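Letters A, B and C mark the chains as written, and numbering starts fresh at 1 in each.
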Amino acid sequence: MRKLLDRYKRSRPYSDYLVFGILLACAPLLVELGVLRFFQLTLIAGVIVYAIVTLGLNLLMGYGGLFSLGTAAFMGLGAYFTAFFTGNLSWGFLPSIIVTVAITAILGMVVGLLASRVEGFFLAMATLAVAEILRQVFIEWTWFTNSFVGARADFPTFFSFTMNRNQTFVLLVVFLVIAMFVTHSIANSYTGRALSAMRGSEAAAAAMGINIFKYRIVAFSISTAYAGLGGALLMHFIRFTEPNAWIFTLSLMLFAAVVIGGVRSVSGSVLGAFVVFGVPPLILQNLPVIGDVNGLAFIFTGVLIIIVAMYYPAGLVYVWHDLKKLVYKARAKWGRKV
Amino acid sequence: MSTPLLKVENLSIAFGGLKAVDQLSFEMNEGEIYGIIGPNGAGKTTAFNCITQFYKPDAGQVLFKTKEDNVVNLVGKKAHHIIELGLVRTFQNVELIVSLSVIENLLVGAHTAFKTSLFSQILKLPKARREERALRDRAEAVLADLGLLHLKDMPALMQPYGIQKRIELGRTLMLDPKLIILDEPAAGLNDVETAALVQTVKDISTRYKCGILLIEHDMNFVSSICERICAISFGKMIAIGTPDEIKAHPAVQEAYLGKDDE
Amino acid sequence: MNIFVQILFNSLETGGILALATMGIILIFRTSKAFNYAQGVISMFCAFIAAWFMSETGFNVFVSTLAGVVGAVSVGILIDRVVIKRTIKLHSVSKQIVTLGLVIVFLGLAPMFFGNIPLTYGRFAQGTQTIMDATITNSALVNIFIGVALMAALFFIIQKTKWGLAVRATASNDTVARMMGIPTSIVTMGAWAVAAALGSLAAMMVAPTTTVNFMMMDSIQITALLACVLGGLGTFFGPVFAAYLIALARNLISFYISSVWADAIVYLSILGILLINPNGIFGKKLVKKV
């Protein structure tokens, strides 16, 4: 009860997002100071990008109640499109990103059309099939993707100015904060409520005049746009990609990030992305003994998903609320004794 | 009297061989509280779903006088179109969106009143904010009328059943409807809650100047609230009249109490 | 003529492998009300058990396969007792998330036990036969036989025996089944054990051509899931039929149209069929009462 009340009170957390972003943007400084290692910054950049994609997937799953197992393929599309636009066509970073996001959003609408007919389990399978077809495209259309040789891109370029690695990292953080803002705005707009209504009760949604057909397409389009953006941003940071980067397992991991972090929560998505993509390589592998065991990172994530799904369905983001509640109770008890 | 608010003509639907609604006809006037009663399994909810176009009727017409005083045949219209014409419904098993707060549930009811684009919602442009503010104010006014204002930011999930029914009623009021159709509003309520509901429905009808069509099997509830009643059994209309006429009607007694064999 | 016969035999073999995997998924879907996304990785893990057993002990492929199947049954029972049993009350979405978790767990367990290097696995038979001008390997014939025989046996068990009745009762309504005295918990456990065994057999049949590696079952798993939705989730027969159908379509397309795009074309056709009939070929539409 309290948990939910707290959530409704916190309806304007924009300043929190901003502070979070500013703190995160300091990570390159830590590298310069020698606190963080070079490759760890790459991992954090990955977490940031996956957090963006998770936010989009959360709008689709948590709010819209629709499932996608094809997110990775849309990230791949984003990566390849931006590589093609900035490389082959020599576009600047911004136009490339904008067009990439637009294209992935439109392709998302096509998947959304499927979603208007196919439901639940069938829908998840249908997105899986779409993803497999896209992966085949990544492998075969060498002129576009360079197949297994891999496609390349540069750090973002604005007119004649090219960013360096640290500046690109800060750019990713800026995009994450924007994505958090946008997600929060959508979730609390009438579009967000329409998505919630669609998930909560399709009959009620239809009775209230919500066009379910339209909102399924909107939900898919938004989530694939996030995925396309994420893929494109990652491409400009890592500067290389190949078809095996966008396999089913990645879609699964993104799905896991939404569930573990907490559905219907902006901070939950970011937390989930960090737990799934950040904790295993950044923390687990640096521990003595445990870090040396093969495959342990996978087991950690997998067991965490199972435990969260079984015993903590609201997601890890509510651990904080529940801890506070415990402290509250303990204090009340203690207070009475004295 | 001018044209009726709702005129149902020869409405029929069959599932397989079963005629769930058979040649149903009735009409109600503007601002009237009208009841459709019948024992369990009489086809009330099916008739309801045919009027609101959740099911597609096999035959018949549903003529509705809209906010602009045009008479429109609802058959074949899409749900979001019907709601814009001024006809809203509730559900037998309350269908609230449990993940939203009370006021958000009302705002879902106002969905078709929101016009700003997704783009301006994302950027929170003044236009979108004004729209949200205006509809929130309206939602608060409706909640105040229903005596629920103190609950507005509570999650809808945890409200008692009686309150949930009121929230659902409030949701139908967001769009200034001409006609509200309530599906078994008294089901699952105790006597005190039912009495309160009678008062609420009467208040709503006068304050919001809308017609109310009740689908019920509880004869006492309907009698205490409706001016006219249409009784149906096995999908067919068996009698139309005032509550007293209906109660005294032999066919209605037979449908409710069974045929006297002796 | 011989080309068509060749394609037919190939399809029977790949279809049989696919049917085994599909049967495993639909068996669990019907008894646990959730897609088992982990079917593929569990099969992969059990193929590793068999291949590891073969290389460690030097036994022949039949004994090793038996070891793999025994391993699969144990893994299936273990998963059911440790995890699935505790998820009975959960919503089916949560159950599926649990199986997604299992996918990731097994992807971690496999390298922990068996290292990162792919293992090889032998065929069930050597040599070739010529039937109606088409050349068929003996191992393919064995695979075809195993596929058809196992499907026939399973359908017999499901339709004609007491245990089959228990499975069907659990599938149609587990609460009622439990009230009627059917041990649904054992039925579910059995379903997981049998599903793991079927999957591991499929994995051991493809192993000679792909080697035993972490990704060996990925495409079969995806195709099997699609076979389930194509065949409809209401029957056991539909998905198995769809599995053979997909294999045949895939082989025909790969020969007559394009081998590179065969999978993509098959997937697109399945999507097309789902658009026309969203509940699969043999599916029924459920209407929600409001």
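Assume a residue touches a chain if its C-beta (ideal position, glycine included) is under 8 Å from a C-beta of that chain, and two chains touch if they have at least 3 such contacts.
Keep in mind that what you see is a predicted model, and the values were worked out from it rather than measured.
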Top-ranked pair of chains - ranking by C-beta pairs in contact: A-C
Centroid-based (C-alpha) most distant chain relative to chain C: B
Chain centre separation (chain A, chain C; CA means) in Å: 31
Distance between chain centroids, defined by C-alpha means - chain B, chain C (Å): 49
Rounded Å distance between chain A and chain B, as computed from the means of their C-alpha atoms: 41
Overlap residues in chain C, where contacts from two or more other chains coincide: 290
Shared-contact residues (touching 2 or more other chains) in chain A: 203
Contacts with 2+ other chains: residues of chain B: 54, 91, 95
Chain C-facing residues of chain A, complex: 67, 114, 117-119, 121-122, 124-126, 128-130, 132-133, 136-137, 140, 202-203, 247-249, 252-253, 255-256, 259, 293-306, 309-310, 313
Of chain C, residues touching chain A in the complex: 35, 37, 83, 86-87, 90, 93-94, 96-98, 100-112, 115-116, 218-219, 222, 225-226, 228-229, 233, 260-261, 263-264, 267-268, 270-271, 274-275, 278-280, 288, 290
In the complex with chain A, residue positions of chain B that touch it: 52, 54, 78-84, 88-89, 91, 95-101, 104, 107-112, 114, 118, 121-124, 128, 132, 153-155, 157-158, 171, 175
Of all residues in chain A, those that touch chain B in their complex: 1, 4-5, 8-9, 182, 185-186, 189-191, 193-194, 196-197, 199-201, 203-211, 218, 264
